[in-house]
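Below, each structure is written out as structure tokens.
What follows is a pair of complexes built around chain A, which joins chain B in one and chain C in the other.
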Partner chain A sequence: MHKFWAMVSKDLLLEARQKDLWLVMLAFALLDLFLAAFSFGSMARSAAPGILWMAFLYAGMLSIGRGFTRESDDGTLLGISLAPGGRWPVFWAKLAGAFLALLAMEGILVPLYLVLFGLGLDRLSVAFLAVLVLGAVGVASVGILMAAISMNIGGHDAVMPVLLMPLLVPVAILSVKASMALWVHQSATFWIRGLGAVDAIFLALPLLAFEYLWEG
Partner chain B sequence: MPNPVLSAEGLIRMEGDLRTLNGLDVSLSRGRVLAVMGSNGAGKTTLLYVVAGLLSYQAGSLWRRGSRIPKENAPDPGVALLSHQSFLYSHLSLGENLIFYGRLYQVPDVSERARWAAHRVGLNWAIHDLVGTFSRGMRQRAGLARLLMQDAWLWLLDEPETGLDDEGRRCLEGLIHEQRDRGTAVLVTTHWLDEAMRLADALAVLKAGRFLWWSQDRSHWPMMARRHLGGREDHA
Partner chain C sequence: MTRRSQDGWIWGLLPLMGLALFLNFVASPDDRVLGPSQRIFYFHMATATAAGVAFTVTAGASILYLATRNLRFDAFAAASAEIGTVFTSMLLVTGILWGRAAWGVWWTWDPRLTATVILWVVFMAYLMIRGWTESRERRARTAAVLALAAYVDVPIDYMTIRWWKSIHPVVITTHGIHMAPSMVWAMFVSMAAMLGIYAAWMQLRLRLIRVEMGLDRVKQHLKDKLEG
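Now for the complex of A and B:
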């Protein structure tokens, strides 16, 4: 566990130090909000879940690859490979770091959207918080897998969204559907279960492929 | 020779159709320093990476501290490697980098050890500076400080003098002798005979993935280096 915690604390320190991308993500999210508000007019409220998850997914795509590309750019993967504990703590630390970054992003974006769309903070139910957590798990797990695949490819910043976007479609659809159901006070059990199942698949895929990707 | 902590026989590493290690034999005991000279592409870095466990090998045998290592190979946490890259994060300070590596190796009193390591390589004045702002020579010293954050039984140094000034070279020499005295085995690659003369107990010349020649008798080193490397010993 020492390797996992050392990696997580180091990654969080680096995230906190490199604020530039957070500013870009926040600017993108606000732009998304204003454009949607002007475009949809009175229909904006009903489109709010889609707008929220679109902003969240795009912002996630900007940030999620950084965990591995930073190791690749600084040539540090070999250094941490030599340290005791093997490779798996590195994978779990990258996944935890991406998940925490996405949760932080949700913590900023969700209240902002609810207030600005006039939906009220009472929409923050336990079920909706579960959707946010499950959505973050899905995006983080598939994102880390794609980041590991693309880290040794030239132009990985451009390749990453191309690889990631199709795989994020199930997470996006299920998260939007679950959010929509909850915001109109309907049952979202079906969509939340589906999101949980997709998360389980996306968590299993890196478990099967990570060692091979690292070797590659 | 006493029981070697590192030995290999007939080691072969293939990259595509190319044999980057081609039947290499090596043996190194604790507290000994072996310098390896060779032209670019001779296989020096590959040798270090295979010994460290970062690369697999296809044939031959490799033993580390008496254990036979399977061909798939695996990193050995007791091996410290200084590569062409410092393995340090540009956006962390030297102190933060050293503490990170100290935590990976579960070093007690990690902050104190980091201060000591930075001081030992003459970078205590830069311990709070981001590594991304360091010059090439400072990065090399910082890489040496990283090695001091672990208690290794084997140091692998890939052209460690690169970018170092005279004071840095003296520091490197002092560190290697210090490690040798405490029983660490050291395998160092270099292009410079004078460096090998100062640092090593034995010298080997590597060409096309195998040792052409190996000797502990220093009186033979200049002649053999000239014969096999085309006068590289003339360089200072």
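Now for the complex of A and C:
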């Protein structure tokens, strides 16, 4: 547990100090917002959930692999794997780090989008917060598995976008559909359950397969 | 066994394919609403079945590879994924043609169509990743994990038209098959013929992979000799 917390706090501290991730995320979010406002005009409000999740997914795609590539580039992965506590805390720490970074992004972007689209902060219901959390779990779990695969085959630049884009589509569709339903005050139970199921599958898969990706 | 005798059974597929074409184009009637464009469906359904079987073989072989580390299973997974991707391409093309005739549009973002495109893209990525990895063992291990992640979309794709409101027709339900008996025959014989093509293709592709592996071994042997 000590190893897990040490790695999570190290990764988050590095992200907080480097700041580039947050600048890129804000740049993406603003570009996304401008394009949506000029393309959709008065229709932008109804397209808001899709525009919001697009910003998360693009920013997430950029940030998620960083935890692993940093260790890989610095040659520290072998060291932290061999350190007392085993290899599993490393996996859980990378997953938790990616999840917390995504949650922080959501914390910044959601209020910004709600205000700029004129939707009002009353859209922040408990169910919508659950969608945000489940969406972040889905993006983080798929992303960490793909980052580990990417690292395993030499960190080819195109691997992350090529693998991550199609596998994130179910998480993206379910999150957008759930957000859309909630924002027009309809039941989103079906979409939230689907999101939970996809999360469970993509959390279980790394647990079963991660040992095979460690073998060097 | 000689190669000719190994491949002999493939010629036996010709009567089956002939029968499938006869049932498709001659024996089955035009659809009352769709007219002759209904006949695209027999190819569409058959390629969908072959793609589903191919990806299931890939997933099964990937699990067996991870459990045993026998590269023969990796060869099975790779060959089946390649063929499954070709069948999915055929599935998308026949679907697009049928959609134009039935719905009046080439493409719509229906859940079934979306899930099928995702499946195609994921397995294309799987094949690309295989090409990017030098070490045979590492490639087999990474590809096996990726195949299992990609396979998640296969049951989702199958169930989309049952879970969501989809404009894609549901032909086989728990209440039976919603088609005339002659159409049902054309569908099943087309499926059998396409599965026969899959089996023949697997045999040929696996042989080629074995040759590639043998060539790699010879190259490695020569390299070791020259270096040392």
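FYI, the second predicted complex is superposed on the first by the 209 of 216 C-alpha atoms of A that agree within 3 Å, B and C clash if a C-alpha of one lies under 4 Å from a C-alpha of the other, contacts with A are read in each partner's own complex, and residues count from 1 in each chain.
In this text, contacts are C-beta pairs under 8 Å (C-beta built on N, C-alpha and C of every residue); 3 or more make two chains touch, one makes a residue touch a chain.
These numbers come from a predicted model, not from an experiment.
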Look at where chain B and chain C land on chain A after superposing the complexes, then choose clash or fit.
fit
Is A:I149 touching the first partner chain B, the second partner chain C, both, or neither of them?
second
Tell me the contact category for A:L167 with respect to chain B and chain C: first, second, both or neither.
second
Contact-wise, after the overlay, does A:L129 reach chain B, chain C, both or neither (first, second, both, neither)?
neither
After the superposition on A, what does A:L82 contact: first (chain B), second (chain C), both or neither?
first
First (chain B), second (chain C), both or neither: which does A:L35 touch?
neither
After the two structures are overlaid on chain A, angle v-u-w for chain B, chain A, chain C in degrees (C-alpha centres, nearest 10)
90
In the superposition on the shared chain, how near does any CA atom of chain B get to one of chain C? Answer in angstrom.
8
Overlap of the chain B and chain C footprints on chain A, listed as residue numbers:
none
Could you list, by residue number, the parts of chain A that touch chain B in their complex?
2-3, 5-6, 9-10, 13-14, 17-18, 70, 73-76, 78-85
In their shared complex, at which residues does chain C touch chain A?
66, 114, 118, 121-122, 125, 128-129, 132-133, 138-139, 141-142, 144-146, 148-150, 152-153, 156
In the complex of these two chains, what residues of chain A are touching chain C?
142, 145-146, 149, 152-154, 156, 158-159, 162-163, 165-167, 169-170, 173, 201-202, 205, 208-209, 212-213, 215
Give the list of chain B residues in touch with chain A in this complex.
52-54, 75-77, 79-81, 83, 85-92, 96, 100-101, 103-106, 146, 150
